[in-house]
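Quick notes on the structure that follows.
As written, the chains take the letters A, B, C, D, E and F, and residue 1 is the first residue of each chain.
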Amino acid sequence: MSGKALVGLVEYEMASAEVRAVYDDIMETRKSDWINNFWKVLAHDPVLLKRTWESIKQVMAPGALDPLTKELIYIAVSATNGCEYCTYSHTASARAKGMTEEQFMELLSVVGMAKETNRLANALRPPVDVQFQPND
Amino acid sequence: MSGKALVGLVEYEMASAEVRAVYDDIMETRKSDWINNFWKVLAHDPVLLKRTWESIKQVMAPGALDPLTKELIYIAVSATNGCEYCTYSHTASARAKGMTEEQFMELLSVVGMAKETNRLANALRPPVDVQFQPND
Amino acid sequence: MSGKALVGLVEYEMASAEVRAVYDDIMETRKSDWINNFWKVLAHDPVLLKRTWESIKQVMAPGALDPLTKELIYIAVSATNGCEYCTYSHTASARAKGMTEEQFMELLSVVGMAKETNRLANALRPPVDVQFQPND
Amino acid sequence: MSGKALVGLVEYEMASAEVRAVYDDIMETRKSDWINNFWKVLAHDPVLLKRTWESIKQVMAPGALDPLTKELIYIAVSATNGCEYCTYSHTASARAKGMTEEQFMELLSVVGMAKETNRLANALRPPVDVQFQPND
Amino acid sequence: MSGKALVGLVEYEMASAEVRAVYDDIMETRKSDWINNFWKVLAHDPVLLKRTWESIKQVMAPGALDPLTKELIYIAVSATNGCEYCTYSHTASARAKGMTEEQFMELLSVVGMAKETNRLANALRPPVDVQFQPND
Amino acid sequence: MSGKALVGLVEYEMASAEVRAVYDDIMETRKSDWINNFWKVLAHDPVLLKRTWESIKQVMAPGALDPLTKELIYIAVSATNGCEYCTYSHTASARAKGMTEEQFMELLSVVGMAKETNRLANALRPPVDVQFQPND
């Protein structure tokens, strides 16, 4: 990490009304009083900022899966992709939603194991069993 | 998919006692009467077969996370890695453990969203917020 | 490819009004009279279908970059991720938007070269030159 | 980033004639007076250095695609691969070739969107539509 | 696999003199009498074909590492990237160069294990130990 | 790198007897007197620690492939995955096992080349040649 984002951080004070409206919604939805850097770099493109936030808000809301499970999945994907920022931010979110240290380590065991067997399957190329085919 | 594994499938009938012992344990643990192709290709290396199975059994057992949540995480990682075999097999497992269609689609929404924001963060490189740093 | 999607295809005839509205907008926007399979699997989750389509429509519209350049970028990412479906579909789109065979091969040269140097940099870990740091 | 490359940097002064010849060509081609660290680590293997530089020079030259479009594609692949060094260096190159901030953000929108739909397609495995098959 | 390449196969009979020269060199170098499909698709861009072949020939030649070790490394990377074609072709090459079934399975054990620990390290982010830093 | 692991480091002095037993075995096996940070973060989950160490010990032991070749493969996969920690630690291990600078650079040439051709194959999708199919 060189320590500097590739674009500057758009702070609240210098943000346009359009960007501030998104920042306000983020803080209100999260019951928090600060904006993390991810949004501050996206804010260079207000349309991208708004679309990404609206999508995240919709996707991470409670539904058929509970919010903590969704955060665990988010961490799993972020670790698999090697996204440092996302790993830090979603681990923090998951902890805020109640993830225990034991759950975190167990999550990582599953991720690590999945990676190993994914590669074995990708290398050996077993045919997909007919039993795994979805029924019509 | 060329339709053929890179090594042959080791069927139960032709397997060594060492391999059969693992196959028997797989079927007993899963209360099933067949072995899927992933294990049949790994069986070319009985040590690898045994270690992988023992690890999977340990990792996927109920613990701080329940078995269905673990399957969801497994699917998330497999889809992220683009492992076709694993996506089919773990989707089948998760359905067997009660995953609903609605949960499956919601899982994919989270995975898709995570991928998008992972890339944005990896491209724009925002510094990790001090609030996300683990406490000492 | 096992030849079967992990969920069934939602055909227009059996689709809900909500899904049909998206299908209609896809066909109208693209001036075409058919829906490709990607949307037919997403349609199992109408909210995901609608959000994904709205985002794609917004992102791929002409802007600071022209639509063909955007398709080229889409192919580059899809090939890098090893997404077979996406590689086929966006190559078809790019050709429909005027991509020549020569441009396609040249695009692939850049992608291949980028992959090679990405790995060399990731393996050797040269420090980021101060000249590459964004100015304040 | 630990701050140190895995091999030392081969500075011009201590470089062999073979390496200097490549360095000279890099500076001449780019109309610049310095060599970035990527080449200084590759220089441990003069054959690799020369081959990589010759290939890059050939690939990035104007052709069916213009040099800026090629840089955009390079950034897209580098961000997808999570290569920090490459993201910084090619963003700097693209800016030097005229990339505007608006184009940069739009590029990232396409990359992010592509990643999301790649994963959805990889997870749901829709069959490739016959319309997308190349004609004979 | 949809069964069809995204560009047609350039067969020897219909190839230009420039392409034939590369094909001839491939067959001569490999002491074989056929050209595999990878080169037949690259041949749409004779410059890309020639550069890729020249690079491969140089890289895979005996050097500080012997040719079989190089093929093992090639398989490891191809399996990690999920490249089906490359996994098949380099496994075939490695077998032709003497790779035993036992070596193949052992190679895959290392690849699988590496993937697992890579993810654990990427998720938990331990600082790089000072002992691992290269000496000046 | 933010400089801090996502979980604290479990030092020997504060470790449980179960963790110490693994630490002791690591040092004895490696004939060293220190534990690297990877194990100190895994130690939060003693079962994961023990399983991972036992697997690594088994996988990296001399077999059909010699230990240095295994380290080279480990580096190849780690660089492909973009795992910084693993790249540093396994490069250090390989050097300790006798890897020369020339072998290291040659290894990277193969990795870089493989990445490039992987992408070309993934993008152009040539069918797998019948000659590459494993025999029955």
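Just so we're on the same page, a contact is a pair of C-beta atoms (placed from the backbone, for glycine too) under 8 Å apart; a residue touches a chain by one contact, two chains touch by 3 or more.
Because the structure is predicted, anything quoted here is derived from the model rather than measured.
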Chain pair, B-F or A-E, that carries the greater number of C-beta contacts: A-E
Most remote chain, CA-based centroid, reference being chain A: E
Separation of chain B from chain C, taking each centre as the mean of its C-alpha atoms, in whole Å: 26
Distance between chain centroids, defined by C-alpha means - chain A, chain C (Å): 20
Whole-Å separation of chain centres (CA-atom averages), chain C against chain F: 33
Overlap residues in chain D, where contacts from two or more other chains coincide: 1-2, 4-7, 52, 55, 80-84, 87-88, 91, 102, 105-106, 108-109, 111-113, 115-120, 122-125, 128, 133
Chain A to chain F touching residues, read off their complex: 1, 82, 84, 87-88, 91, 101-102, 104-106, 108-109, 112
Chain E partner contacts - residues on chain B that touch it in the complex: 1-2, 6-7, 44-45, 48, 52, 81-83
Complex contact set, residues of chain A against chain E: 75, 79-80, 82, 84, 87-88, 108, 111-113, 115-120, 122-125
Residue ranges of chain F in contact with chain B within the complex: 2, 4-8, 47, 51, 55, 58, 128, 133-134, 136
Complex contacts: residues of chain A adjacent to chain B: 1-7, 9, 34, 36-38, 40-42, 52, 55-56, 59-60, 63-65, 69-70, 72-74, 76-78, 80-86, 88-89, 91-92, 100, 102-103, 105-107, 109-111, 113-129, 131-133
